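I'd like to ask some things about the structure below.
Letters A, B, C and D name the chains as they come in the text, with residue numbers starting at 1 for each one.
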Amino acid sequence: MKQTEKEFTAPKTRPVQVGKHLIGGENFTLIAGPCSIESQEHLELTAKTVRSMGANLIRGGIWKLRTSAESFQGLGQDSFHFIRETLKKNDLSLVSEITDPRQIEEIHDFVDMFQIGSRNMHNYALLKEVGKTKKPVLIKRGFAALIDEWIKSTEYVRQGGNENVVLCERGIRTFETATRNTLDLNAVAYVKSRTHLPVIVDPSHGIGIRSLVPSMAFAAAASGCDGLIVEVHPNPEKALSDGQQTLNFSEFETMVKQLEKILVAIGRPLDKT
Amino acid sequence: MKQTEKEFTAPKTRPVQVGKHLIGGENFTLIAGPCSIESQEHLELTAKTVRSMGANLIRGGIWKLRTSAESFQGLGQDSFHFIRETLKKNDLSLVSEITDPRQIEEIHDFVDMFQIGSRNMHNYALLKEVGKTKKPVLIKRGFAALIDEWIKSTEYVRQGGNENVVLCERGIRTFETATRNTLDLNAVAYVKSRTHLPVIVDPSHGIGIRSLVPSMAFAAAASGCDGLIVEVHPNPEKALSDGQQTLNFSEFETMVKQLEKILVAIGRPLDKT
Amino acid sequence: MKQTEKEFTAPKTRPVQVGKHLIGGENFTLIAGPCSIESQEHLELTAKTVRSMGANLIRGGIWKLRTSAESFQGLGQDSFHFIRETLKKNDLSLVSEITDPRQIEEIHDFVDMFQIGSRNMHNYALLKEVGKTKKPVLIKRGFAALIDEWIKSTEYVRQGGNENVVLCERGIRTFETATRNTLDLNAVAYVKSRTHLPVIVDPSHGIGIRSLVPSMAFAAAASGCDGLIVEVHPNPEKALSDGQQTLNFSEFETMVKQLEKILVAIGRPLDKT
Amino acid sequence: MKQTEKEFTAPKTRPVQVGKHLIGGENFTLIAGPCSIESQEHLELTAKTVRSMGANLIRGGIWKLRTSAESFQGLGQDSFHFIRETLKKNDLSLVSEITDPRQIEEIHDFVDMFQIGSRNMHNYALLKEVGKTKKPVLIKRGFAALIDEWIKSTEYVRQGGNENVVLCERGIRTFETATRNTLDLNAVAYVKSRTHLPVIVDPSHGIGIRSLVPSMAFAAAASGCDGLIVEVHPNPEKALSDGQQTLNFSEFETMVKQLEKILVAIGRPLDKT
């Protein structure tokens, strides 16, 4: 911290429209769903259930380029037809990660928000490419990115003409090993005080321990973020990726109920549209 | 995260009595006051004001061994007589840091809780010595201590027979430089889930930027901690140490009002004794 | 450190051929040149000079996607014709970074080794793509990548059939701010003891302070690495990028003379082909 | 790195006398010995053997306050009589750690250099106390101390009138877990370029893996440090502490032979007095 602050006024957040929902507006946004889409039934069941419990948008990975090239890598193109159909039938909006500039065109028509994952925040070639579209972009913080680098990464999207950028804090890499990452809620307060960008938080990656995800979701909400993105799965023990940090439906429902009390207390209720 | 957790039950927190207040009990504890005690008038004014605004205990440093040997080092022995008198007259309880085993005896009679600072969490000789007293001990997390090392540091106190230990998360050192430290609220959830130790949070050191301290205080409360320790000063711009992260009375009052709403929402109101 | 080691035998390094030079063979490899190629004269002058002083291969960036989208971004396609010509005329081999899968085809014919930069080590889509070529690949360690993640990233290249992978340690991001990065020579010893991959070191990024680059080059050589990659420029004060860590010709020449003494002492002289 | 450097001249190192040896002078210093002194026979055997192989000074812990209060804590006072006798009989000088101001007087007469361990670098009360003696002090870098904090910590010793301070780099705590610490040789070059303090390196803690300690010792020597402190034990598998990073006599002897070649190459041979 290098400055003295007097008469401090934070900039007003400029909301971003995703499907029929507004991120960064008067209400709080809740995005939930599986790490990876595993089948049509899996997507449909999870999406409908979390939607009925208060989630506004659905998350789900189509490609998963993981640390080991031998791990499950996502369904890819095999899932396109059923994702499109399932979303349409249920009037749902999907947030999904892209890792290659060539994927943008492939899924542009049925995905509502592109996610840039933590490992690609510094992949400026990819950011430039999504900047050429008008589709909302969720930029997860690089797990070792300075907050200022994270804010600057948005320039690569915005210089192409796409102003629909939302940031997502998901934990940083530190010396601590008891938790998967160190969730940095300082970053939420800092970004909100210096920019007009909406910021949401991923408590699932942020702590990486299922039973402790709700505590971090509550903390994030109270810190002043604009929404959450939470991993939920019908049966986390059998999830093909990230099961150890994924809530089941019942855990999610319990969490949302407590979350709503906090949101009411801070005057920013959950988006009910 | 190395384990799968099913049917998880967190241990029950064992409260610690400090003066007439219970840390880790049914109510939330609020400790406030200056980084360093600067004079009798300064201590008295700050203590009475923050007490009237809801603080339960007063914090204030007697010795400050700072990074540079040339900086202000605290009033030391010159302050003993007036601290004792001021506390007695106003029926207040004080939390104050010790950095040398020989200080224990010097201030034992008028300080209600010894604080072990972040730079001394690994000073096991000092921990052993406070373990020989019955006085409550607040152990701040070393700024680069693993959560498990922090928990283990309490053994040095407890093996002497002193079970009155409270932990304090105050931010860790990471690559991030926009904020003074990285407040690690994961650590609160983790410690509460694995031990029966009360845990409080220091949002002032945790973020180090005055205008953002309240956001981190709210986040900490929602994460499930047992209390807060906050730096407050009549005139932070003129504080002899840590002014850039210290609230003035008006900022503190505004913060407490919003904090109370969140505490009510989570069912753990502020200690009013 | 999780294991006890007895009768330890390190695997033998498998050399990789780049142009007429072998990285990881009996001799030590020295790669030098500018951060970015700034003009034909600039490339030619630097390449010829460092070659005459002992460098085996030339480095030089064609595209530079930097933290701020407003900074100098490299010459790109405008430089293709003269790079090809300059290399041919002078019988030189070039190592150059790619950041987008579509660049592979563009520069495939005149670049001798593709460099994957630190910010793209986790860009698995890009790694997969270079794996489909036979061109040698230099994978710089992600600035926050675990050594094991770095080793695993090579799988993405090798599963495509390209075994010509060389690793490059270039410093990691830590809490320290006096130096640009923290050069992790432990990583060299660790990788050499567990894999047969050649490992080189970038002391320029590793410390980021011009006058201290030679000390780190000597340390790296003594640690057992297979080569160095060093930033050199005719006039570092006027370099369009990274000037503060770039040696001028005279500094480079002095460094190479001292380096050669150490290389002789450890029985691995500089490659003179 | 925040400055441009032209016509850079590093300050001249001011040597410190320890016993009959000079640290930071024309020759290179080698300190070796066990983590903890385990018995009279153990000290005598190790000291004589490493001395015959080229070590100048002997290291050995009397008290070990370890992370867990349940682990072996050193022989303490039970060892005073035989340490004194063994050193005298064999004309040896000892470097040993203190962790409590009250230990200074206890061992002042037979220890030749006080070591302040990494966990106590920020224990300014202890530093002040050794500053009141004239005994040489070895200050290990705090495992999360900025280089500038480490340099500033010497003020606490020097303001008492004791100028006999030597620094020791021993690795810092980072996100990397494959090695025990991350040895930061940048710090050696940085301190040597900005201060006149002698700097030695501890490769044993620096990497924490026995088979890789020699590589880091060679790297440290080539980086320009003034000496090494290495853990050696007659039977590391049975050492009461730190065995996994401790060399046996044969490994130490092999290491010293290779080290001497590098020291000759850089013009700074091993101290033979």
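Everything below uses one rule, namely that contacts are C-beta pairs under 8 Å (C-beta built on N, C-alpha and C of every residue); 3 or more make two chains touch, one makes a residue touch a chain.
Because the structure is predicted, anything quoted here is derived from the model rather than measured.
Set against one another, B-C and C-D show the most C-beta pairs in contact at C-D. A separation of 34 Å divides the Cα centre of subunit C from that of subunit D. Spacing of subunit B relative to subunit C, judged by their CA centroids, is 48 angstrom. Remark: subunit A and subunit C have CA centroids separated by 35 Å (rounded to whole angstrom). Those residues of subunit A in touch with two or more other chains are numbered 144, 173-175, 177. In terms of which chains touch, the assembly is arranged so that all chains touch all other chains. On the subunit D side of its complex with subunit A, the touching residues are 144, 173-175, 177. Residues 65-70, 99-102, 119-120, 122-126, 142-144, 149, 152, 155-156, 159, 173 of subunit A are the ones touching subunit C in the complex. Listing the residues of subunit D that touch subunit C in their complex gives 1, 3-5, 8, 10, 144, 146-148, 171-172, 174-180, 182-190, 193, 206-212, 215-216, 218-224, 237, 244-245, 258, 261-262, 264-266.
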